[in-house]
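Sharing a structure with you now.
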């Protein structure tokens, strides 16, 4: 298919066909990343600005490597130590960056909606690297990439997301993506960690983990946000681990072939034990590897690299 | 003309001819920045170190993009998290950087005079990215670039700078530059925000804004340093805005063709309103775009790139 | 000789022949660094990740320039502002970086032993940029490089290290290296700044500085860690300078041809005076210059660049 988007703001706006196109292109770049010379000239002379208003290492590193391996020039701006804090509005800051004529802005921002607004107002490509509790579309794409790689398909897979669904942009983007490609989605969480409108999401809702463990092809464990404990969303780490953590007992209940995923960073001993995170069912590090390939694919598609350079 | 400087420390040291040469070369690079492939091999194999002892995003980003688009290697060092703070003198730090044989050091420093000293003592190029309240020469050059682009000339233009003249390196560099190229310069400020030696600057001094609004070709609004309010330099933001802010009423008084400039970051509602900053007279974002081109021109000239590579 | 290591974790593990190979290769790269075009394509398409869990500028800058001048792509991650702090273990962080398939991780870490563990567990190259009080092998190699450059040999040289031997990874790596290549090593320090096992190091131990000053070919002044003063390791800066500082009187006592070294950053007026640090015997800045060349040599050797590209 032809790719016609300059931006990636949300999974919600993508068609199933677009999602599958990203995964197809990613496979090519994954192969390049495993070469000795992991660099192609596709985006030579293009400028990618990484604008991160939340601390992040993994996602920033992944995007930065993706851009560099496509031969783009990158500049990373983090919020700390920045004049962007001198009372300037975020839109002024963004318009300023835009005036320097980058080809792409990768933006992470603590509140929902900014990437969509930038995509509308700026002529360059805008890629959402996470906006508040809204979406984290590249995470969902790398997750689907990792599932399809393992199972050869996405339609009909039973994917269970476990943990803080309410505040997770990872969960939201994954639910959108998985439903579009025909997967069956369960969410497992206490009521305090579910969004109020969960009944409209079109997913199965579980408050107990064990029944789902036995039936899912994929257990996607979400990171516990420890600061939520103060907000009475859940009692303490030990009790959370008991009810919603993935430990050896639950791993032993999993279906043959079923896999464990986690978007990272992992709280070992809380949502997942060492045995589960490091065991043979875990594809957590595949997710990380695919992250670079998926981001290369998106930069390639949105910035309009020529297919000959790929 | 032949360019014979290895450094850019101040506008004070430049001749009118040198200033115009920078502007001429900038025009070439501006055109390159608008190409799809915005990169030339001019400074391939050269090293540019960005040494910023004050927080900055806009200027650092502008220099970094300028260097990368010329194919130079860049390393950015910010003061925070740096061993340069472990009691080492700034000259020791600079000599250490020099020993790694960069071709250019771009330096921002909170006190006046360091770039001049580095330029004298180091064999590499030194470009001043702002030293205390002394000078910010690349800002003045990009400002002149933006004016000449709009008016086709600089001689005879009436440029009014409004606000904190006393503490502004932007004002100081612009006054030097504008007078050299034959512009007429007014400054508009309360006495508390004027330098003591203002009578020696050779500019017209105004305490009221309205008479100047009607006559100037360029209104250059300076950023209010909110920390000055504590120092009894001016009463409060509301009163400042009333006497010295650029609002719709004043915009309507401007001459046909007159433009609004601001070095950024903008304090909306203080020295300038939304209507003025975003209206059709504003060339604020042109300034930002020209900033990259001017810095490319300076790196090109000071580092002695061959004219064939341009 | 053939180089067969993918990692550089410690000087302790290197043979004398390996040390001399690094020095030989460094000489080639030093020459490249002095060219107008200081860049070779040796590591094009390779990725070097700089993972610094301690503040550093000098060492990070040196490695970053070394990698860039070999045409590698670099990404620098500093601990501050990083999600690596969100309760993630260092091994999880490292495995995540590894999953993005870098060719080399340069690691600085406040506790001993991590680089060795990473070298064992990761398939990419690992270079130790300093781990706790254990080793700082690239510093020792650049020190030896600087000595050999000056004296034409290492065997038989008398090298005296002066100061906080107990807590210095620089001292430890230098002692290992110098003994392997046949130098004579003295350490000069009060008992409180000597390690308990100093008698097993095979070095001459001095508590008085003057007798050593007269006899050494190299005086390597170590940086005073001012935080040690609180720990009753030494009384105050003035007394430290009197007993163990290098001042004009002691410089005048040095042998003809003897040189002064310091790993930086320098505490002027404490372990060394201005006259000594900036005088004709000081080769402190040569050390810094050689640092880039030595790190280029190590990246080249460990990442297996082809000799034809050098």
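First chain written, first letter: the chains are A, B and C, and each begins at residue 1.
Simple rule for what comes next: contacts are C-beta pairs under 8 Å (C-beta built on N, C-alpha and C of every residue); 3 or more make two chains touch, one makes a residue touch a chain.
Bear in mind that the values here come from a model prediction, so they are computed numbers and not experimental data.
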Partition of the remaining chains by touching, absent chain B: one piece
Copy-to-copy rotation for chain A and chain B - C-alpha atoms, rounded to a multiple of 5°: 120
Copies chain B and chain C touch via same or different residues, half shared test: different
Whole-Å gap between the CA centroids of chain B and chain C: 40
Two or more partner chains touched - positions in chain B: 80
Complex contacts: residues of chain C adjacent to chain A: 44-47, 49, 73, 75, 77, 80-89, 92-93, 95-102
Residue ranges of chain B in contact with chain A within the complex: 33-39, 55-58, 61-62, 64-65, 68-69, 78, 80, 226, 264-268, 285-286, 288-289, 291-292
